[in-house]
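Listed below are the structures to be examined.
Look at the two complexes coming up: chain A is in both, with chain B in one and chain C in the other.
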Partner chain A sequence: MEYLIGIQGQDFVIVAADNVAAHSIVKMKQDQDKMFKLSDKILLLCVGEAGDTVQFAEYIQKNIQLYKMRNGYELSPTAAANFTRKNLADYLRSRTPYHVNLLLAGFDETDGPGLYYMDHLSALAKAPFAAHGHGAYLTLSILDRYYRPDLTRDEAMDLLKKCIEELNYRFILNLPSFSVRLIDKDGIHDLEKLIPVGAK
Partner chain B sequence: MALQDVSGFQDTPMSHRWNTPVSLSGPMGDTTPLLDMADERILGWGRFKSSERDGEVPLRFFIPTPQSSVPFRCDNRHTSLSSLSTSSSPPTRRPFPLCHGTTTLAFVFQGGVIAAADTRASCSGHVACPSAQKILPIHSHLLVTTSGSGADCMLWERILAREIRLYQLRHGRRLSITGSAKLLSHMLHPFKGTDVCVAATLCGWDRCGPKLFYVCSDGTRLQGELFSVGSGSPYAYGVLDGEVRWSLNEQEAISLAREAVYRATHRDAYSGNCVDLFHITAQGYCRRDREDLREEYHRERERERVLKRGKEKSEEDKK
Partner chain C sequence: MSYDRAITVFSPDGHLFQVEYAQEAVKKGSTAVGVRGKNVVVLGVEKKTVAKLQDDRTVRKICALDDNVFMAFAGLTADARIVVNRARVECQSHRLTVEDPVTVEYITRFISSIKQRYTQSNGRRPFGISSLIVGFDFDGTPHLYQTDPSGTYHAWKANAIGRSAKTVREFLEKNYKEEHMESDTDVIKLAVRALLEVVQSGGKNIELAIMKRDESMKILVQEEIEEYVTAIEKEKEDAEKQKKKT
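After this line comes the complex of A and B, so read on.
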């Protein structure tokens, strides 16, 4: 029902998430932001079970900030992804597992851009592009077909728009708007919301 | 009990026992000493004897096994992954997971926040109480509309009121509505996956103006400008989504809220009887008299009769 997507370029990562917070058949909120800022250059996108998403994401967010306060420097995206995975895995076999699917996107000074895919069983994979949700079934093939490692920002945005138009056309649920953000060496930039209109 | 908290009267030997799993530990660190103190008084133990209970959980909460729980349960979190589920009978699932037999709604407009709810408390298909109160004031500028299990809502509303009052005594200022919502959400989190069922909207006015939050025991916490909760909520949304605007005046807003609850009670079997309306402004909340929706029904029938008579008369005049 929810949808996350991330595309890594040469020196940037572009990520998008839908904005609907639903409860059974009702859309409770239509402008929910599912991205959590872990640091100046790391974003965590989180979907899954109702309370677990915010609870887990805020827990990771506060711990990353605590690391910065204690040590004076920020965790790299790789370290943050592995920290998140470890926490998710530790809770997995407890009585209160967190049922969340995550995308972690970041920019490192030395390693460049990075996109990490994590699912609710705490499997972690670094990927050039990734998606979560039922919409992923419809859009991964589009990403497979048109993705190139040397995409420019505009080309990546066009690819993202192509995926969202496909969702608008084929996906049974209506996802009226998507927040989009871009991470590069200058930090996190908010791009304009994507609002697919009309039928083809 | 609040005074003991404020004066910092702590039972220090017990404060180290916080290495307990999340689901068994209490919601707030502050409540631990109080409950243990009460235990001692009842059992006649001295303070030092109970400190020997090393490694035990400070708060004992009964987490029901699936057999003893109510048949209707929407989440299967417990059964698939929990080690507590030893029963062989799976819980019956509703065909449609909108439980909470009630209709409550709240929305923000230029004149403040309107909160409305019906007054029917239903229990396994019959009306347990036709005059329940589902909107509970916490303080002069905060209301909670409750839905879900009546007992849980009553308890958690009192716990929230206590914690907000303690915050005010300790810090000298009132907790914001955002903070109150976060507090309630974090207090309910350890009980996720159990049968605690609370779906509340916090309506209030603080330094940042009118605020409305939806907090649910499954962990959801959303800020918004219009929420309706309960089995009658889809019907209420149908009326509200078309008509709610920021620029409504007070009279229009109140009559809209009343109509939304009326339409929901008309269609939903688990909502009915009367409607409670509250209006919150910067000066605080004010409560309107409880109105019987039967009157609204008769008024509508009368309006239809008048219209019909008018139409028949105009047809006669034409002939």
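After this line comes the complex of A and C, so read on.
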């Protein structure tokens, strides 16, 4: 039902998430923001079990901030991703597992942009592009066909739009809008919401 | 198994000697001064001269607790580390449960209640630190609070703790002017002048941190401190010349 996508370029990562918060067959909210700002240059996109998503994401968010306060500098995206993975894995083997699927996108001073895919079994993979949800089945192939590591920001945006258009065409559920954000050396930038229009 | 004996107990004439001894430990610590301006809050500490082979960057006596609050302390540095860590965790915990940053009063109350608990616990001694906690609430009001080993806290416009605190406080009482608190430079200068009263060798033994409304804490580099010191010395000279003329 929910959809997340991330595309890494040469010096940026662009991410998008749908804005629907649903309860069975009803859209409870159409402007839900599923991205959590972990630090100035790291975003966590989180979907899954209602309640688990916000609970887990905010817990990770506050712990990343605590690290910043204790040590005077922010965790790198790699460290943050591994920290998140460890937490998710520990909870998985407890009586209270979190059922969430995540994308972690960030920019590191030395390593550059990074996109990390994490699923509810706490598998972590660094990937040039990734997606979560039923929509992933429809869009991963488009990313396979058109992705290049040296995409410019506009090209990556076009690729993202291609994926959203495909969802609009082939996905049974109507996802009316998507939040889009871009992370580069200057931090996190909000881009215009993507609103797919009409039937093809 | 927990301890069964209290260490902090009343004396026949109503004193808690352990707490008073802790306050003595505070008086031996290096001086810290805090000034609350209208748009900026300032904390300054006396930097003890380090040994030749020691890296002086590792002695940090001003600690950020969150993006809107920071503190300095006087007394046992190791005790302060514990308190600062607990406060930092509480700041994030508050944000997690209430979705709002702490107010300066809240975190001061939290720190004070920890300190008080240790004056009434089996097997524990009080924390040997007094702290100056400054920051801005989310409605923009600046605050300066002082806590001490007994667990009491009070709000201040300007205060000092540690060695020679009395001298510095008297200086502040004489020289604090409400009108000057509008100007950020005047607030910072007051803190620097107060510290210069008791610090031996001038600018290079001072560590200064400021926070302007809606900005995070900024620790001033040595050059910036020197600028203030030179400006202050020039003002002193001019004042002397004026006096000589009249």
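Convention: the second predicted complex is superposed on the first by the 200 of 200 C-alpha atoms of A that agree within 3 Å, B and C clash if a C-alpha of one lies under 4 Å from a C-alpha of the other, contacts with A are read in each partner's own complex, and residues count from 1 in each chain.
Assume a contact is a pair of C-beta atoms (placed from the backbone, for glycine too) under 8 Å apart; a residue touches a chain by one contact, two chains touch by 3 or more.
Keep in mind that this is a model prediction, so the values were computed, not measured.
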| item | value |
| --- | --- |
| Touched partner set for A:25, first chain B, second chain C, both or neither | first |
| Touched partner set for A:59, first chain B, second chain C, both or neither | second |
| Which superposed partner A:69 touches (first chain B, second chain C, both, neither) | second |
| First (chain B), second (chain C), both or neither touched by A:158 | neither |
| Broader residue contact with chain A after superposition on the shared chain, chain B or chain C | B |
| Partner chain(s) touched by A:40 [first = chain B, second = chain C, both, neither] | neither |
| Touched partner set for A:190, first chain B, second chain C, both or neither | neither |
| Which superposed partner A:50 touches (first chain B, second chain C, both, neither) | first |
| Chain A partner contacts - residues on chain B that touch it in the complex | 21-23, 77, 81-84, 96-98, 185, 189, 192-193, 214, 216, 218-224, 227, 233-234, 237 |
| Chain B-touching residues of chain A, taken from the complex the two chains share | 21, 23-26, 28-29, 32, 49-52, 54-55, 94-97, 99 |
| Residues of chain C touching chain A in the complex | 64-66, 85, 88-89, 91-93, 95-96 |
| Contact set on chain A toward chain C in their complex | 58-59, 62-63, 65-66, 69-70, 72 |
